[in-house]
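Here is the structure we will look at.
The chains carry the letters A, B, C, D and E, assigned in the order they are written, with residues numbered from 1 in each.
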């Protein structure tokens, strides 16, 4: 695996992950002790350079989503190190980690669940601004929200509507606007299009790519659809049972998969004959 | 309560106004518009809401104080009934003599629903009992709703030891059969409306807490909570902005259904001799007295009739309203507007 | 399974402790044992007699921790009370001085005679009615049924009892209006009316609950599968939905089984049935704290037994849990 | 399927329960001689707390104790004016003896041939003969702190040895029953003297109360509630063994107490004189006959008043009190039976009880205790007649004094000047008390009083509301504090109340038994002076009156005591209860004296008549059954057609 | 005569939110032994169409407004309840999307398959052997164990095989597979698709495959129906539709799928408004 040789801190890298492990203890009841451990992520290492898209493919249960969640502390890290621009952020206290949340953002899979049904689009997007740009006044904030919505292809009048009034694709755009609000440098895209219809999927993928070009974003693109992931990514990692089984640039993976699992995966994908 | 009249009335008015505006706000708020729209199509629910408003209005009337001579106040409801005289003892509905097979005496006036043992107009007593029921329900709700919601959200959101501690407290309380716990607390605290409310509150928060805990767990697993975390919102903000609004509908339904439960429980407590204090009109006590009255020959049925009906319609309306609200808030969204 | 049960039982220990603390606080701290002494010795008892009584029973000891010189710290009311409850030493009634354990043993049978038949009839009737309403769901009959159920729930049990007693026992003399004795088949005549009324009073709520559970099931995917197989609507309801719904229902019902022994507070008293419910009401009326306290404690234990039964039952009826 | 089972069960139940008779069958159908077994069913309001004669001090306990145990003396069952004591276990009335050293004593002779009930506690299983030593044992028990005799302190003041033995036992923490009781001088097996410390004419009354009933030592020691040879014996207080006309054979808690005739009973016979002339024929037939007439007494515990009345209407119990709910049904305005009940042949009895109910002020309370005018004002404003009218069917006697009628010293024509329901006078008094219109003249605040009551059912709640409203007519505000029984007692004892409702039922018909409630030395914890009334003048007169035999001089003292109470108003007399009771036509009552609690030993019933009336009064209409059948048929039809359509 | 012919079928949904035309005047046919794919995005009405074939769409909220569903020449919309029950499972069998919820959790696999056999094939003597036979047919390696198992004890792929076995148990003329692989992982998906292909060959029944994935269609179907907003916008032999789509929607749909190995940076998107204007 090519990351093994890269153990020194590389100042050019945006994110560097080393031997990341996320283990969930299975525990039930008040008195019972830890029964067993699920190794959701088991020694994963990778790095992301600025402006790069790293794809992460795997079947359900392979731990790919947990990797993304662990990066922004939505999942507890058992061991390993995470460097953000050469700084070790693994054990940063939450208060300091908060400023990092401005730089790493996440887009979620479920366009229906990821938006609070009781908040307007304006407040969903504005929320991020309130936290990270408290210096903005109400008017500026509104202007910024309108700008963001515009950026993701929504109309300014949508600010006062509620999530249930939008289609899946539009909701995913809202989710993207929310992530963009804080000017992040890395966005973790957790299966952002797998719940969408093909036609909408294409729009969102295009939008993500446009944004990357405009703003120089980096993506960690997580997905199970090989076609979509390879379309988005510069490099790809294949994950199975918590481990990276193969990593490399798109072409090499598709054209000459090394690991049997990758081969099996590729063979299984139906193609237009 | 020795506050000047105007302060009491102002307080009542403010309470009513805030309730009304809260209701108006909820009905108008686009956050609830889907539920509101569904509710508006629900005839049973609307009818129940109307019935409940009538009860609320009567309770309100009985809370507004009107000065009546030196050192003497009475409520607006009393004032409306001031033409109706006090009798010596029982009289049948619309009878012209007192209720006695052997010594009927002429009455001071006519009583639509007759009079009770102390000669009080049963209709007035029944109406006055609305206020007692509303106070018990309202006071209890003021105790148990904040308690149950807060603990439920905390347990469901923070999990781990917070959850363990809260779960322990409520499992212990839930373990004691609620009616016995109620009685034990009232026996310990003594009789009185606040005491009953405290006892009811202590027993009622458990159910709400369990419900809210479960829903909070469900909600906090949903991606929007994660998104908020990813944005760097503090736990307090997440609870206030995201969790609470999304469990509020359960609180409202629980409040409505709980209310009817309290009104029913009061009647059982009165039967067990730990009900509201002497001199406080209540349906439970009227029903309880009716046991002896029905055995009279001929039976005194109007006291039971009036109180049981008044209780029945309030509880029925509350239950149906609770059902209607549950339908309105149901995320699955029923396609047909009858039942479910 | 065995280790699971043992864990469940261990989990109950702190809860039982909590219950014991609550009962102690409510009945010893808030209500002093002096009141109990008065109760037994009568209003005319002398202070020495009361002191004597308290001393005999250890109620003159310090509440929680014994700080008296020369005494061990645990020699307190709290510890002794905990010990008594934990060893099922239920003590004696404040009002009559009778052994509470004996009172409870005697009261259990009449209570069960009322509650068990009511439970069985109630369960069968409400199950049938709920299935019927689900079968005709979304119709006028269903709407009517739901409102009827809610209406039945909204009538306090006393009203049922007053009316039933008046109609059946007083107006028609079919059945004894009151009384109870145990003697084979003729005991039935005392049970009929209470059983009917008890069943009736709970019916509305149960039908509604069961109906909700079945409706929940009928929206599951497997129902569509069954329909697509060509299973008739009746069979879908009475085989597929019923069996799934029964899992929820049985576990609900099993949790309430231990409470059958407590009987009904209101009914037993009205009909003079010497069950535990009657015992409790009487204890409340006469402020017999010892009996009320014991009822609270035993009630809690029964609840915990119910929980345990529920767990076992869940495992027994739901293959998803059985084969975990 | 479920429904079918239900229908079947209901049908079975209806068949099984074709009788609505709630009683278990009697012990026997016929007597040994073939005449009908006389079993009498009596409603009983609750379980007695104890049947230990030296402990029991409530009406329920006494109702049973006095059938099982007997005392040296008893009241004449028929004579009430005045009440008369007659010998029971004693052979003739006791003779007072004045000793040479000035001590006083009474000499009792015990009837020969009086035996205790046959019981396993006696070695032979046969009852032993009653001897004087049993009386000494009974007094030893009174002195024993473990027995907790409630009247110990009263008796200890007069009877030699009680106090010493009690003190000694407390000191040594055990009671030595082997030592003879010093207050009883046993002359021979059938003669003994009771030695007194000071004159105590009331002793004779005490000798007619269960506390002094002889108890076999064997029974007390045998029944200890512990396990012997694997079987648990009951406690003595639940297993009485006496000399009385009945034996307790079964006690099902909360259900029934069953007593069976004591076949060895010989102590007393039916009185031969004292009945009213009007009823002579009936009494003449029984005069001098051996008693008891009944074979079985079945006390049915019915805690609620309604079922008791229902059972009476159906003919299943022999007697009923007339509660206010049913009063109008059975009694007309002229206080006679209504035609319906006359037709039934029911007997009506009016029993004036030697009791007084009153409001009681806490004289140590700074507000009501120190303000006589305020107390008088409350007295004047209260409409007792209305209360009697609403709650007591207008039959209770409006009380003007502490003493009830029938007690020596009662003044029939006495009127309490402050107790005439005069609102004007009450307002005047209130103003003089410093609270014009109910408001404190100094602070301008409304006067608020607290009335402590025990409220546990609907009736007591209604009554409490009435009392509150009556007093509030003064313009003051009354807060009713509802207490549990124990709390109320506690407040009484600690003096932690303002005023409360209370009552006293005569232990014996002597004014001493009422006035002692306000005797300064009886302030709790010493005695029952819950008012905490302390008036040296009253106390002096009371002490003097107490030691006197009835005489005009004593009467004068009683009137003076009454006048003091009236003026000082530590209590407001309300009423003397009068109870209306009904008896079934087959069970007329015999006893006329309300102080007699063992009246059942004189009673007999007509079993054949009862059987006939029970059938007559319990006819079952057929229409509801037909209705149910029609409904079931309709439901079945519907179900069938429905299943056809949806099959 | 076609096995199934749908003529001018219109189905409307009536909800509080208003009325929606789920199926808007569609006509198509399926011949015996033929595999027809019904392709469309979510909300296009393809599932409703599939369910309506044996009138499984609940009424209300749905309403059949008109048209005919002719199965072997008889109009299903006119069927009695009894006829419908014979049709369902016996002639038209279904496989649904989510096997974990579509199987009844409290019955053993054996019972669930046996129920179908009892309902439609009274003549079968040895039900157990028949079940084993079918389970073997759908490629379950240990049929005896699987037969006695409860659904939750099986993996997702096995569950879907059981679903298929249950559908096949009565030898239906038409198998309607409603997104049979969507809920499964890619590798399992491939297995199930292979299984379907083999079964069709072996049993010679007609298959109506509902899917949103063109890739699946290309491997499996003889003909393709493309559905868009309740209408069938294009139909024809698979290869022709895939390679020479006529309708702009089909064209756009095919174009917007990211293809493995393709170096195209931007994907084509569908202009729904333009499509709406056209139709």
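Here, a contact is a pair of C-beta atoms (placed from the backbone, for glycine too) under 8 Å apart; a residue touches a chain by one contact, two chains touch by 3 or more.
Everything quoted here is computed from the prediction, not taken from an experiment.
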item: Longest centre-to-centre distance from subunit E, chain (CA-based); value: D
item: Chain with minimal offset from the mean of all protein Cα atoms; value: C
item: Pair exhibiting more inter-chain C-beta contacts, C-E or B-C; value: B-C
item: Centroid distance [mean C-alpha coordinates] between subunit C and subunit B, Å; value: 25
item: Separation of mean Cα positions, subunit E and subunit B [Å, integer]; value: 53
item: Inter-chain centre distance, subunit A versus subunit E - centres from mean C-alpha coordinates, in Å; value: 34
item: Multi-partner residues of subunit E (each touching 2 or more other chains); value: 60
item: Sequence positions of subunit D contacting 2 or more other chains; value: 304, 310, 456-457, 484, 487
item: Multi-chain contact residues (two or more partners), subunit A; value: 30
item: Subunit D residues within the subunit B interface of the complex; value: 304-306, 309-310, 323, 325-326, 328-329, 331-333, 338, 386, 389-391, 394, 437-439, 446, 453, 455-459, 461-462, 464-466, 468-469, 475, 480, 482, 484, 487
item: In the complex, subunit E residues that touch subunit C; value: 54, 56, 60, 81, 84-90, 93-94, 96, 98, 101-107, 115-116, 119-120, 150, 152-153, 163, 166
item: List of subunit C residues in touch with subunit D within their complex; value: 31, 34-36, 38-39, 41-49, 52-53, 95-99, 103, 106-107, 117, 121, 124-125, 127-128, 135, 169-170, 172-181, 183, 185-186, 188-192, 196, 234, 269-272, 274, 278-279, 282, 285-287, 289
item: Touching residues on subunit B, where the partner in the complex is subunit D; value: 71, 88-89, 100-103, 117-118, 187, 190-191, 273, 277-279, 285, 288-289, 291-293, 295-297
item: Sites on subunit B touched by subunit A in the complex; value: 30-31, 34, 164, 167-168, 222-224, 226-233, 241-242, 245-246
